[in-house]
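I'd like to ask you about the structure that follows.
In this document, chain identifiers A, B, C, D, E and F correspond to the written order of the chains, with residue numbering beginning at 1 in each.
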């Protein structure tokens, strides 16, 4: 099982746990978190890039992996991925580099396993 | 050995290492870090919730786990836990969700192992 | 006009602007932001302290001022205020001190103007 | 003189100061900071939205104002602005709200002064 | 009155307020905050540069101004200042640039008023 | 294989991956990231301490480990290490403690394996 699949299984397991235990406000937040990435005036693909860059500058590996999977599904090209990563790196600085490295690792795994 | 126990062992091992090597200022900081959670006008239980919410919005898994263990010892209910988590989630945003997930996982382990 | 009153007027003006322009998701977020501070298993007073400590460790002056006003209305004592500030300071470090200073300034203004 | 114009004058004054005093590495960084927003596989307009969302979740008023000016020049619509703000708000949480309020204020000023 | 002098007066006023109102733990933290910058194996001058770079990457204007004043008193040269700023800029990214600009402004004021 | 060696291997593997895939701007950033730590008016040893303290207050384990390895190579003494850690701890607060613990663990491994 690759790292991406392992990530998704653990994420699904814990999401199910949270939603079975959480109160109404937490559930509403999770719902809102889905709504904002739906297509509107900004196409889904660019919304996912917004989520990806926000996740990298805030340095959250799980959030980065999640948005990379979604970007991949939206058919984002390597050039687009590189350009978004370059913006995130310049905005967030060298402190984001360990997360950037893992982002490229996840991106490569997706190219290999579901090109 | 569960995740909570593993966390505590590693934390104890490294605390012992730091305190055997550190200088006076670092030891004073560690001492101050204990003092501020002692009962006063704010009861211990709410001080632990303050520590928990601060740890979640700052997105530190180890700090979250530590304060969940302490909250559990103080007899915090699931409703109180949920309400504190909801505040932290709204203040800190979706970037805290991976840590929130692991917080619920730790909380569940504590309910199972020392209900 | 004191700093607190000035803060509240500008906050009201801009909240009205945002809510007249924003989309549904942003309005839902603002609504959720009110809901999580309502009384439940954790009394309102302690929820406001949670909001205050979270705001200080995240170093947001406006959020700190807002929660100090609410804490003051909930009748929080100087001792409780000090204990919450001490936790925030130890968690967040000396980088929070400029915000802590302004928090004490706001607290004093509230004591003078509406004791 | 409006807030936007005041912001731009002070920014220009200080940029000139930094570039007259800084060393080669700092100048290279400033150059790189321009390069990453140039059009490529991702159109300029979306790169500016990436910069805007990154700036809001990192809570930097000056960076937010700068990218709002650039987004306005790229002809971004109110709907696109709202959708990007909604993503930033959900990712970054209520701690971003004071900056979101000032972002809407800057956006309104731009609509009034250069519609 | 220049910006530096204004900063120092307000800082002194608020420090006096905090120390007259705060509890023992807060006073101990303020004391510890002085102790760690005293000369030891690392000379004072480099400790001030550590404080300056930490303040810039954490993006706190007041902390940056404070450490620039102290660096200036320790006789730090423009080259040393530039090299420390370059490290902070690369580590912290473009999001630090507004603070870097104000840092250069404060540095220039100190050169003019007490060369 | 110790943790330090494992860290270095994974870091080398991922750096090679990033540099084989990234665009020009990302490569320029990586180059700039090396340049700022070269000796100048501030000796290399103190530049590494600046990188270490910046990494700890920003709470990045990989960055901390990297700069500890470099500090060790520059012959930094335990006293200097302790003094830098104390500054980082006071600036960044107790939220840095889990990273501080792992920093001492890495430091000890380096003393054992290459004293």
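Criterion: contacts are C-beta pairs under 8 Å (C-beta built on N, C-alpha and C of every residue); 3 or more make two chains touch, one makes a residue touch a chain.
A quick note: this is a predicted structure, and the numbers were derived from the prediction, not measured.
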item	value
Of A-C and A-D, whichever chain pair has more C-beta contact pairs	A-D
Chain pair repeating B-D, as identified from A-E, A-F or C-E when over half of the contact pairs by residue number coincide	A-E
Intercentroid distance (Cα basis), subunit F paired with subunit B, Å	27
Where subunit C and subunit F are represented by their mean Cα positions, the distance between them in whole Å	37
Where subunit C touches two or more other chains at once, by residue number	25, 29, 32-33, 36, 54-55, 57-58, 79, 83, 86, 89-92, 94-95
Contact graph of the chains (line, ring, star, complete, other)	complete
In the complex with subunit C, residue positions of subunit A that touch it	25, 28-29, 32, 35-36
Parts of subunit C lying in touch with subunit B, wherever the complex brings them together	32-33, 36-37, 40-42, 46-47, 49-51, 53-55, 57-58, 77, 79-80, 83-84, 86-88, 90-92
Interface residues, subunit F side, partner subunit C - complex	57, 89-96
Complex contacts: residues of subunit E adjacent to subunit D	59, 78-79, 82-83, 85-86, 89-90, 94-95, 97-98, 100-102, 104-105, 107-108
Complex interface listing, subunit B residues touching subunit F	11, 14-15, 17-18, 21-23, 25-26, 29-30, 33, 54-55, 58, 60-63
